[in-house]
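Once you scroll down, you'll see the structures, which are given as structure tokens.
One chain, subunit A, appears in both complexes that follow, with subunit B as partner in the first and subunit C in the second.
The block that comes next holds the complex of A and B.
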């Protein structure tokens, strides 16, 4: 398949259309919604990484919040201790490096097991990060967290600028580009021979080994890749939020990552992206409607699991295949 | 090519494989027959590294592989299929075979270009499916195949590993009786063409005598006969065990 045949695929054109729409979003959306949308996009980058594990490797992680926090704190702590390096083109590689180190260690511990054992191990090691962030308060700021200054972006300083101006200006376009790049890279990964090998492991671990795939090692690779995307999401999110606190390393947030992936539908590649953006709005409206917003979120989860187990995109794919009267293969 | 010496496997106190010794030469097709519970699948599992023996020795091309990992054995050229089909159920038929080829050609670490970009490998996967007569189903997923087609796919995957020695555990069980010989013709001619050595576990005596160069008879964990199909079938103890005929 050459470059030409990729470019003329309808799916690619849809992606391109979406990307162009995103470029014009700041002119349409009110500033408040734009910032909300940006935080949704950062969650989407993370959810892409999360779904590499869930959909393509068959591992459900309940500890991705900690990896998200690693990316966010990497930015915050660099700003705190190495203000000279506080440039976005340096901060992103630092965040990636930090996620690489942490996810390698986490992965090494976790991928020895699968299914519920993996999930619980991931939860356990993520809580270690949470505890460290809380307890090492003289380094991490404890439960107060760290304030995130506006970074220098490609030599341009934003000092004295309001955060919303920064977020609706240059940063928005950077975020969209990072998001597009993440999507394309992830799409490439899951369709590559490496991605196929991960899917083999997910489908049948025993047979995967019998065709010469080193199962545990490939799971580790998947975990690390997933951690990199999650850390990147965390780093990008920290600028949007302006403040990082240990809450994002707690299991509650890890649970929310699972929730947004299920909401969008993990069986479809684009599902987690849609889920992440929808979740951001859903949570906001739940919070503004009632103080029992967690009840509302929980209720939607129950409805989701009962009525739309494959999420919004999964349900959509099913509907389309029903209309077309073609047998659903269960995979899009 | 493959040498098995005094191989013993105990499960708890039960001895399943009792000092089995045999040899498979290069490009030879050997059948392993025996009643249910004789230990045939256990023997295959021992050779493929699925389980490890209690004692004894397995050599492959002059190297000791008794306790080698399955991965190492595959890289050396020992492939197998599974009696109870063992497929990648959420990957397409094409991807099932193609992943084997990616593994063989060491492309499995390539993480950027889409799998379809590797045209030669994709074509080869289609050729293999063609050889086994299931290429028109390449877009389907294993659960939608018939039991017979699943077996064929399972064998095709073992075949795609381009091994020197291939273990086939009942490749025709579940295949419709009328198609059995057609399937065996396909498999055996492919194996002969690639000059692979092969060990087939089989129940159907017609298949055994038609397709194998040599027959091993396993009973209660011991090899009781080893020779040309015609000669072995004539032996009294074999007749008694396999056909229940008392001499």
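The block that comes next holds the complex of A and C.
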């Protein structure tokens, strides 16, 4: 299994269709919604990485916000201290490198545990990043955060351009391409022997060990890969948002990541993508509607857990299989 | 030299309410296997109830009011805990880990905004008992009696939990559940009812801890977030479901924080994590874990 076998599946045509539709989106969607959609897409890149751990490795991380922040701050701090390197083709590798380093360290610590202790540990170590971002304010800008300038993209400078022009123009297409590439790479990962080994570990750790899978090391690899996607999402998000603050490293944001993944439905590969985009809208509407938006989000979360645990895509899949099954059972 | 005594005593004070918080968290985690992310919010409820009572009712007898506040915080947080367990947490026992965590996360969001609805977004001050109690002089330094009082309360609470857990029938049943849930059920222990009790107990401890901190820090929105994270570290450090672990863990965290704030103010929290990581690398189940 590899990229090739994915491309020749009929599902790939659906993806291709979606991708082509996405290319025309800036012509249809008003600018405000487009920018919202873009931040949803960056969350989707992150959620893909998050779901590699949750769905395919069986590890629930409550600390992915910090890895997201690492990607975003890698961009911000490069701009602050090395303005010469402020080109998007350099910034993205820098962000990936930073998240590689941090997620290796975090992964090394966290994968010593599984299940609930993994979640606690991930949450706890992620708060180190948060504390550092706040405390080392002379380097990181503290709680004020760092402003993100428009980067130079493939030699083209956008100086003097308004951010929304940048976001609705060249950057949108770059983001969509990065997103498409991430989706395909993630599909390749989860269908590769490595991905199957992860699922084997998730289902039966002892058996996996018996057939020669190095369980802890594979979990570490999964954590690192997940961290890379999350960092990439963070870097792409920083340009959309234009400003990075330590809030994204706080564990509340990590909780929101879990929420969006579940909202979309984590048992379906595409679920987290849909969940991330939906959540962006949901959160914004809650915030603009009432000052008690946390109440609203919390209540929807509880309802979701109680009534629709498979998320939107899971519910949809169930519904479809029910409709398909009903006539045949009627005949039998 | 006297400075050192003060630093260490400060650490003990810090450890005392951390001990209460993490003990509650540890009981819930140990008995029910649920990580209660809303534990910090129960802490906040305790803080707001106590601060409101101490602040609202005159100024004649702040010490009595403090006791009333402590008891009320304990009671309110306990009742909220009981209500939460019976309504929302109970359907979660058989569900996967992610749902258990998410439901407590949802409860956390709910409670944070409920606090905002009930008490508004303003800070509540209840520093009267603190000033009335005065302070002890150690050399040239002053050490508030209130800190000693808080330690005493925390010790009493810890002691009574220990008594309940080791001597009474209920405590033995709770420990049986935390060791083997199914076997306990098979032996005729009413697991459901005891779960509710354990959750209420844990919640009450969190509320008490929140009430204890309020004479030194105003009750603000989000007051429970820091203690929650620190309680996580304590539980990871000390080991799951162990009273001794919670005690030693909170002492380590409390002292590290107190000394860290003095000597390395910038990396005090990362230092804490460094210690936690070192312990975990050598003893993954925590200091006193099973």
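Going forward, the second predicted complex is superposed on the first by the 317 of 332 C-alpha atoms of A that agree within 3 Å, B and C clash if a C-alpha of one lies under 4 Å from a C-alpha of the other, contacts with A are read in each partner's own complex, and residues count from 1 in each chain.
In this section, a residue touches a chain if its C-beta (ideal position, glycine included) is under 8 Å from a C-beta of that chain, and two chains touch if they have at least 3 such contacts.
Remember, it's a predicted structure, so these values are computed and weren't measured experimentally.
Legend: residue contacts after superposition of the two complexes on their common chain; A:151 is shown touching neither subunit B nor subunit C. With both complexes placed on chain A, subunit A has more residues touched by C than by the other of subunit B and subunit C. Of the two partner chains placed by the overlay, only subunit B lies in contact with A:202; subunit C stays clear of it. Applying the stated contact rule after C-alpha superposition, one finds that A:275 touches neither subunit B nor subunit C.
Of the two partner chains placed around the shared chain by superposition, subunit C is the only one that A:125 touches, whereas subunit B remains out of contact. Overlap of the subunit B and subunit C contact sets on subunit A: empty, with no shared residue.
Put simply, subunit A touches subunit C in their complex at residues 54, 60, 62, 109, 112-113, 115-117, 119-121, 123-125, 127-128, 131-132, 135-136, 251, 255, 258-259, 262, 266, 291-295, 297-299, 301-302, 305-306, 309. Every residue of subunit B that touches subunit A in the complex is listed here, in rising order: 48, 50, 70-71, 74-75, 79-80, 82, 86-91, 95, 98-100, 102-104, 107-119, 140-141, 157, 161.
Remark: subunit A residues 1, 6, 188-189, 191-197, 199-200, 202-204, 206-214, 329-331 touch subunit B in the complex. The touching residues of subunit C, counted against subunit A in their complex, run 29, 33, 35, 37, 88, 91-92, 95, 97-99, 101-103, 105-110, 112-114, 116-117, 229, 232-233, 235-236, 240, 265-267, 269-270, 273, 276-277, 280-281, 284.
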